[in-house]
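Order as written gives the chain letters A, B, C and D; numbering starts at 1 within each chain.
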């Protein structure tokens, strides 16, 4: 297989993995195994899949509360992610974070932030540390178009630009922020134009076309790694499902959703590869069954995993080696 | 008890149905209060994230956009600092804005506007400008929303001079406090505990503005005073029942207004029971419970038969896992234990 | 005199008033009569003077901590402003605000905000109230170029633009934010370009040329009043003095300051009017003596004014008609 | 006394000069601590508004840019939320940032980053990520800077789990606390009271990291415990001298670390004196003084010969006028009165 074909195969397989994993999450939410807020990425998989394909393992990711896919794509195990959503001690955050707060130090996945826009400053800081340490790593920050109205977007991209830091800002423009359509939240709806006003190279790409996303992201990441400073990428995509499990979806027409489903990123790539004669149904079936095993295994693992001991509730408020913790026990002694 | 904490079943007030009463939820009570206020006064309008097209993040404002139109039910961009500040400006411009900050967790982004402008403007201007704004927020934990979506900061906000803070814990208050808050010439922060929205019960026909200067004694008792507010009132009422079974007659005070505190009602009760336990969903250190404990000591020290007790949340960013979250929050057994220790003169 | 000449005379007189008033403030600060922080506008007078000349009395102003001139130009008496800086009960805020917090309800002067960027949201709200009430008033918000990096700028101008509100955003670009030069605080140093990215009509004007400022502001204000939505005006100017009375000015060369002083807005207008034969030295002498009287009178008034009664310390924390206040006394009764 | 409050003259520790000692100001002590930290560890750098070219708003970092260059002494744009958040990210990236937020008043703009990220990240991530950041801020009133520039919120910040809060009140602590704070693997908020910068005195040659887990007894005494920190230590020491003249032997505790509180030292002292008065520049309601009062009641109720007293700031946005500001702040006479009332068993 050519390099392109290998990449295409991987992109297809990764998108299907994210899709099937989240479909299972929705089932498990209805079953009560997953609680709290659950935001799925179904329909938007091409964005994270394409961008991640352009990264090195040591590059860093900062994402949002809609980040299950990003976590899996960065290399976190389906088991640790699913167990986290079940609130188990075997989860990536030992059950403390849940769906909105997935983290993984090993793969440099920095969350998992449930404050809209809250992750952008952190991404700038991670890039600053790389720059000051002479490392050529890239930090990629994902956020929605709604987040661009927050002051944190403005302050963060300006800071990254003033200091020429290696950050790729990826706006997942799915046209809605909960129920708020882009035109009602931004006076300038061409988001690349907004970003360009910070003197940052900005591109817009079809977020339903994973090949386009991958190619554009690769160009941006290369430019950043070469010292080109921060870049901005707007991926135009769409959320097929409700914002969260509580969203009655009063704010958009069913027809709009159906129209976008015509551009399902997985089906689109599959059709193109099939037309190009580089993909057989058997290939997809193989992927599906490999993925089914992963998802079943993750669910079974989560289901059978134990909970954190309640006695450990206060673990990780401070570091074990912080004197706040070391002295705490002592303080008790003195007190009682 | 667990269920009760997550979704209080017992309304915090007697539910006997009288003629003319209607069954209503806490969510609907606030919605009706907003509807009534907007019908009564053209200057009143609602603005915030997703209050309109979406119907309100927690469904509180559902239907208001259709009734009042986009001019008076304004969806805002994700810009907490700007739209809270714009509410302040609109108030200065003669309007009576109700600004919904989706949850208290996001209000930190608007805290500069609240503390440095809304709360300070009248004093800084030598009394020239008043800021009649009502800022509504959902607060509290109990729904497995984890560390960034589970803060209970309403008591902490009580440190700021120049604002009033209310926390309706009953259907009558949910229905009646907004009108009173809107009538206040100064900024009012209005906290709705997320676990109360589905609480339902009967409301009489004579709904209307309620006094917000006085705390309420939700359960009279002679042995110990349990002081709480908002989301923990139902838990505390439940604990009082358990205590009754154990022969302890607890009085339960619902603060209702967290700033300024109604010392008269609090101290008045303690002077009768000589014992007090404060139940506060906030993190223990520096929570409102500390201020209440300090005031009781200052004003009734020699009347106390036991140190003032406190039942608060564990000092941890709220964990997602249900069993850990429940362990972190005030519970009926903890309240009962604290009250029993108080009966024994312990803390 | 032609309308132009009358306007020029007024502009010249107003700029001199602001200059002389602040020169006296600096003296009085050194003398210890004025305390706290004092930020003077010396060198920048053409900006506020030109903009204010385009306003109606019922238009509103939101300014910064560098606002003595704006206050005087909006029509506040020199007495009430000077007395405020002395901390007297006769001051506009009864001594509670000081130099950074001048307010006046009568002339619709909304301060006087010492949080950089903090006034922008208020301006948007004042304009929203006018819009909702069907009034054709304009709200003008002044801020420095440093403030444009704050999230409040981004959120506020976007909100005003999305809602098409009657706000004139005036950026007083004096090239420095305390010691931080524009290029070190903004990746895009063409501030009109930044503003245009919000789909807001944006103009840049020579902030040392009061006629240019007045003319451009007039166009903007007319457009706004006609329903044209928010506009943005960048006035390029320079601060002749230190940022505040504590600033050692390590961050800029004396020569840069001297070069800018060549463009003193007062001298420039005077020279042009003289060259045009519409201004005689006698006219200026007349202005100077009229102004000297005003400034002397303000200082004398402030000096001789009484202090607020200490017993009234807690006045205005809440409104007198708020039940918080009404019940307070009662609470005391109950307690003691 | 007035002068002392505005610019404490008496250093809070005995100034006898030993061989090898140098005269130094509080401002210089912090500067030297930063210089030492940056020389000792390449990962340490300073960032904030005007820390470089300007020399620091209050002159604390003067000269550091020249010595360490713009990479390690970074001027930031006016973007509190972004550069505090960037400091958090840099800490995650292996650096040891010292972030200067010019004053606590502006830190409200960065509060979301502090509470929802810095303080919560380690817990949310199940212990995977530590955030070794030190955030320095000037705090306090006393210089006629009015309502938006005079907040004393360090005690209020003490409500937040996951952060440590220190407030150096002496030259030795100003010189030694930074190294200890930088050695802490978790976020530390470092509060410098603006009225202390010019305080000067002698420092011995053996300067270096100081313990920040323990409160310090600045003046031993047997009759009443005066508990304070930061900007009000000098005022309290002065009050203790006045009290000595009146025959009352006051013990003065300097908390040093506001979170976590050193209960051992506080309670240990109260168990000896049986009386306590807390002096706190914060607004009274919900201030740190309330938490301390509550804890003393909880842990030493039966040992108390008087209710715990509090001397705090008046609950007003700080007025500009000097006489009003002085009236709003804790003063020597107020502290003396409160201690004398405590001696009489009153509050």
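We adopt the following convention: contacts are C-beta pairs under 8 Å (C-beta built on N, C-alpha and C of every residue); 3 or more make two chains touch, one makes a residue touch a chain.
In this text, all values refer to a predicted model and were calculated from it rather than measured experimentally.
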item	value
Pair sharing more residue contacts (C-beta pairs) when C-D is set against A-D	A-D
Farthest-lying chain, centroid of Cα atoms versus that of subunit A	C
Computed distance of Cα centres, subunit D from subunit C, in Å	35
Length of the line joining the C-alpha centres of subunit B and subunit C, rounded to whole Å	40
Averaged-CA centre spacing for the pair subunit C and subunit A, given as whole angstrom	45
Subunit C residues counted as touching two or more neighbouring chains	93, 95-97, 101, 113, 115, 118, 149-152, 155, 158, 162, 184-186, 317
Sites on subunit D at which at least two other chains make contact	77, 79, 81-82, 105-106, 109, 112, 116, 123-124, 146-148, 161-162, 260, 299, 315-317, 319
Of all residues in subunit D, those that touch subunit B in their complex	81, 105-106, 108-109, 111-112, 115-116, 119-120, 123-124, 146-148, 151, 155-156, 158-162, 259-261, 282-283, 285-291, 293-294, 297-299, 301, 304, 306-310, 315-317, 319, 347
Touch list for subunit C against partner subunit A, complex	149-155, 158, 161-162, 184-188, 193-194, 196-200
Contacting residues of subunit D [partner subunit A, same complex]	45, 71-72, 74, 76-77, 79, 81-95, 97, 112-113, 116-117, 121-130, 161-162, 164, 184-186, 212-213, 260, 262-264, 267-268, 299
Subunit D contact footprint on subunit A (complex, rising order)	91-97, 101, 103-105, 110-113, 115, 118, 120-130, 132-133, 151-152, 155-156, 158-159, 162-163, 315-319, 321-324, 327-328, 330-331, 334-335
Residues on subunit C engaged by subunit D in the complex (per definition of touch)	35-37, 87-88, 93, 95-101, 113-118, 146-147, 149-151, 177-181, 184-186, 247-248, 250-251, 307-308, 310, 313-314, 317
